[in-house]
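Chain IDs A, B, C and D follow the sequence of writing; residue 1 opens each chain.
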Amino acid sequence: MIVVLKQGVAGGEVDAFTVELERRGVKIHLSRGASQTVLGLVGDTTGIDQEGLLAHHLVEKVLRVQEPYKRANRMFRPEDTRIDVEGPDGVLRSIGAGCAAIIAGPCSVENRDQIVAVARAVKEAGAGFLRGGAFKPRTSPYSFQGLGCEGLDLLLEARKETGLPVVTELMAIHQLEVFDGVDVIQIGARNMQNFTLLRELGRCRKPILLKRGLASTITELLMAAEYIMAGGNDRIILCERGIRTFDSYTRNTLDISAVPALKRQTHLPVIVDPSHATGLAWMVPSMAKAAMAAGADGLIIEVHNNPEKALCDGEQSVTPEDFSSLMGSLRRYAEFEGKTLS
Amino acid sequence: MIVVLKQGVAGGEVDAFTVELERRGVKIHLSRGASQTVLGLVGDTTGIDQEGLLAHHLVEKVLRVQEPYKRANRMFRPEDTRIDVEGPDGVLRSIGAGCAAIIAGPCSVENRDQIVAVARAVKEAGAGFLRGGAFKPRTSPYSFQGLGCEGLDLLLEARKETGLPVVTELMAIHQLEVFDGVDVIQIGARNMQNFTLLRELGRCRKPILLKRGLASTITELLMAAEYIMAGGNDRIILCERGIRTFDSYTRNTLDISAVPALKRQTHLPVIVDPSHATGLAWMVPSMAKAAMAAGADGLIIEVHNNPEKALCDGEQSVTPEDFSSLMGSLRRYAEFEGKTLS
Amino acid sequence: MIVVLKQGVAGGEVDAFTVELERRGVKIHLSRGASQTVLGLVGDTTGIDQEGLLAHHLVEKVLRVQEPYKRANRMFRPEDTRIDVEGPDGVLRSIGAGCAAIIAGPCSVENRDQIVAVARAVKEAGAGFLRGGAFKPRTSPYSFQGLGCEGLDLLLEARKETGLPVVTELMAIHQLEVFDGVDVIQIGARNMQNFTLLRELGRCRKPILLKRGLASTITELLMAAEYIMAGGNDRIILCERGIRTFDSYTRNTLDISAVPALKRQTHLPVIVDPSHATGLAWMVPSMAKAAMAAGADGLIIEVHNNPEKALCDGEQSVTPEDFSSLMGSLRRYAEFEGKTLS
Amino acid sequence: MIVVLKQGVAGGEVDAFTVELERRGVKIHLSRGASQTVLGLVGDTTGIDQEGLLAHHLVEKVLRVQEPYKRANRMFRPEDTRIDVEGPDGVLRSIGAGCAAIIAGPCSVENRDQIVAVARAVKEAGAGFLRGGAFKPRTSPYSFQGLGCEGLDLLLEARKETGLPVVTELMAIHQLEVFDGVDVIQIGARNMQNFTLLRELGRCRKPILLKRGLASTITELLMAAEYIMAGGNDRIILCERGIRTFDSYTRNTLDISAVPALKRQTHLPVIVDPSHATGLAWMVPSMAKAAMAAGADGLIIEVHNNPEKALCDGEQSVTPEDFSSLMGSLRRYAEFEGKTLS
């Protein structure tokens, strides 16, 4: 950490400040220029609050040299993390470290027929995981809010029928009680900085699919993962799903460069959600392929057997037919990038 | 709601679609141009999902004419809402409808001496409410997380000592049990779209200070308020606290135009938090005055008796002396704008 | 165009306004709801100013149904435009309509040896065009500003030596005089809305590579193209090169979804600049592949024989060796997507 | 400037790099931590390219300690700059250093009657300068583009009639020939980084009103001013006019905190354009007052005698009556902030 002092600070003050900082367990390298004095803090600065230092009357600027995350940091764990999930069919599916997973299914579980039909279709097409929402975060209190526990039961039925492990969203801590049969817990973009929830997930032993917040930086996403890891759960799958920008052609702007950026900063697997990022079904195939080309460890894609009648997000759902054809391209891309697809 | 159909749609298809839409309780006005056919949906469209319509194969675009919120909409309740809060000193303080409130205090409660000293200082300077965090949402799991229940107890002691009503942040539903003595519940920017929590707050009878999310539009903030109001609690104070933009000089960008924008769209009171918006203590006075000039119904300002030693956000806290001098200006500004300050 | 009137507007006023609008050559479809009256303007609304209508005292909102661009609009010219460029070697290279072009070379021309060496290397690797800056737009007046006319001469020497057509940036109208030997004129992101310059380019007969501004929407980019096309030059290549967002990991955020978005809206070819978008050489290969996967009609990539000594943008330049290896992948990607690479 | 080296760099390499850097005229302070080596560059680093350093194979990160601008930097010229303009009436009007100026007039000059009428009205109300566009940057080639030279002549007639100095926009270098009679040259947001133009303005002896680009940082705006100052013209008035964010309620988001931010970083005067920032006439008064409260050295406001018939931007123009009433408030605010209004 680099601390730039204000102009004209007296030597005695600098000395006193140096002593104060060294008490927090770091060493100080002093560099005094003609117009500015700079302190280099050497050692573990994870516990030193950058913004706190800014409150000191001698300080002009604080610049971070090291990232504030440890457990999620590739610097301290260079090998890729691989998340293994065993489905009810006894098959082991992996995400990360050369293995890419395709997670597919409807935005929300609507009824038994719908979820089982879509589950069968996506399995047939080659998806490795079934997704489906039971608890839905909706912008309007007047929109369909998901079937809740009933939806969860239907999803688990589809799980049994197809053998596919399931991914579904958890919105609040108390829902954890009913998530026993779920294979991967999804945390939505709007809950990425729900710190109480993240802390609780650290105590849980299931893999977490953590979506990037709409206005979250790469560092903030990794700090959210760090919250969970600090509690002892390091089975985390990061998910880029579009960020909010001035552009309104797509619902959000898919930040495709987040894939290589994250993979450089962390050992955790990184997947992409082209459906929520764009909000446009016709754009899903091109963005899915772009994500694989950029090095993603998988995709989560909305598939609905009748998008026009979907109770939620139909405009971004592809049909089973389109999904099946897309899978053909994805297999080619994965192969070319040296990834095993599951 | 306006639905633009794709080019070259056949008349029969349009008729079938019209019937389908009318079944949802709206009337359709058809307008057929040379290159495009447009349907006007007349009636209550709050329950019709804009994105859902986009999934229909005939639809090119959907444009909203009416806002998707009702209870928060000034169109249906033209008079300003005034939130009255009676402090332990028996004094009634009001926010909205010509009454502006100054809420001041430290970012977090640190110990008895600190909170009582700051509480006395801000009361002396003329603040109407005491703020202080007990449960703190922090980006890093390694930062100070607030004193929790102990902090809440200390805040309530300062409340009793000074007679000031208190505002403090709630981070999770289960904390509601210990918030009995709190006068106004604050919901932080990161929880603005924690829909499970919002729904619960609808059942609660305390005023809610709802902060705008970092990347939330005016409409989304009002939809979050609508969630609470739909549950029966319409004592909501909206708070602009900076949005995330490309600019990094200040921590966030204070969207001062959100004040007149919100006041035009809703009857709810709107206050501003210049401390979190800028993250810079020296900028708080100018932004506080700008907010009053823009028509805000109050301010929430961080004050700390020793910002350099603050456990959290010291760099944005003003001293009691600076706060007192700022209050002098704010009183004049309130007077210019015809507001009663409390 | 849809015009939503204010609440409570009297019938007589609506009639008068309707007459006024019809004088501008459009037909009006009136739709009167319980709380709102809506006018549909049918016909050619390109000449009607959306913002101008907002000034009318009866108007609440104006919503566009049709895009404001005509010549660039795929709706009126469904076939892909192909730009053919004949190099000094007599070879015809094409961009668009199934043909993808790789444009490569240094950020700026530094001296004869450098530009000829890089030109040979990129030709060897399979690039179809040579890029190189002579006039450089630099944020600081104290940075290297390019070699100017001398740089242009050196670029043209490299053109002759290798037979590759060249692409170079024009910063001001008066430079057109010296651009005779240039094959494709590049307009930088900061000049995308330099309307005087765009108008002049309409009179020119060379292909224009038009870069998207840092904060320009899809529509604004197409309106900039429309300026040039309105003047009679419709040989325009659009280029996505990153937009400005809150995220600062990469220099800009590559908006990969702009590729399918633009290709749906317009018949003009669309290429991607992964070098300027990310500002990071190590990220160029993954973003270049993602762009091809997303359907781009080509790429413009910075290549330098000694990035560390580059006078400009060295941090984003790949070496000829890395470029050559990337070309191998790009050929496979083009093949997957059914594109001919030149 | 702080240069963070990659992990595991050998001592010999560091030494060689240090020698290389010192050749560029800076001293190096070396600080070697357990996991990272950091170089502090002491001395004048204005000429060292931050991005260029990133290309070096040893470098991980580069952090700036000093701002890259000199002439515009308050650190090197602590006193406020005051721009004095003498109108045709012989009255001296000042901007900066405690003097605030109100510049008012129509978006574009439409005809003699209009410009003279508005000029008289704004003078009557107390404005110090007349604004009016002759050359108009318009997003669409099909929109009204201004009256050009004829418009300029009419503006100069209004100047003579009222005695008010005039401010009008220059779009291209060649227009300088006809700007002789103009008192202050305005450079629009889209030309803020038209570096060829900026360089030319450095040779000119008229005050420049430089508008911030839609997506320009505080530093970029100051670097644009630096371009002009480097050429010898330091009579620059900076203007905040809204930035582009995700929010679309207003046309742009007025970044009110740019006022104190700029005034801390530079000695140049800073004014605000509430009309273009919001695009909404009804919001102009509240934003104008907020700007004065935030410490602005003036305002530029669009006033039109018949906004509904305005050929351009009518929706953001206030009537002379509203302007006159706003001036009453502004006088009160200026007085309270200790500013002289002209």
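What we mean here is this: contacts are C-beta pairs under 8 Å (C-beta built on N, C-alpha and C of every residue); 3 or more make two chains touch, one makes a residue touch a chain.
These numbers come from a predicted model, not from an experiment.
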Contact-richer chain pair [A-C vs B-C]: A-C
Whole-Å separation of chain centres (CA-atom averages), chain C against chain D: 27
For chain A paired with chain C, centre-to-centre distance based on mean C-alpha positions, whole Å: 32
Gap in Å, rounded to a whole number, between the CA centres of chain C and chain B: 40
Shared interface positions of chain B, touching two or more other chains: 215, 244-246, 248
Chain contact graph, described as a line, ring, star, complete graph or other shape: complete
Residues of chain C defined as touching chain A within the complex: 215, 217-218, 243, 245-250, 253-261, 264, 277-278, 282-283, 286-287, 289-295, 329, 332-333, 336
Complex contacts: residues of chain A adjacent to chain D: 2, 4, 7, 27, 29, 31-36, 38, 40, 42-43, 61, 63, 65-66, 75, 215, 244-246, 248
Footprint of chain C on chain D - complex, ascending: 46-47, 49, 51-57, 68, 137-144, 171-174, 190-191, 193-197, 199, 213-215, 220, 223, 226-227, 230, 244, 279, 281, 307-308, 310-317
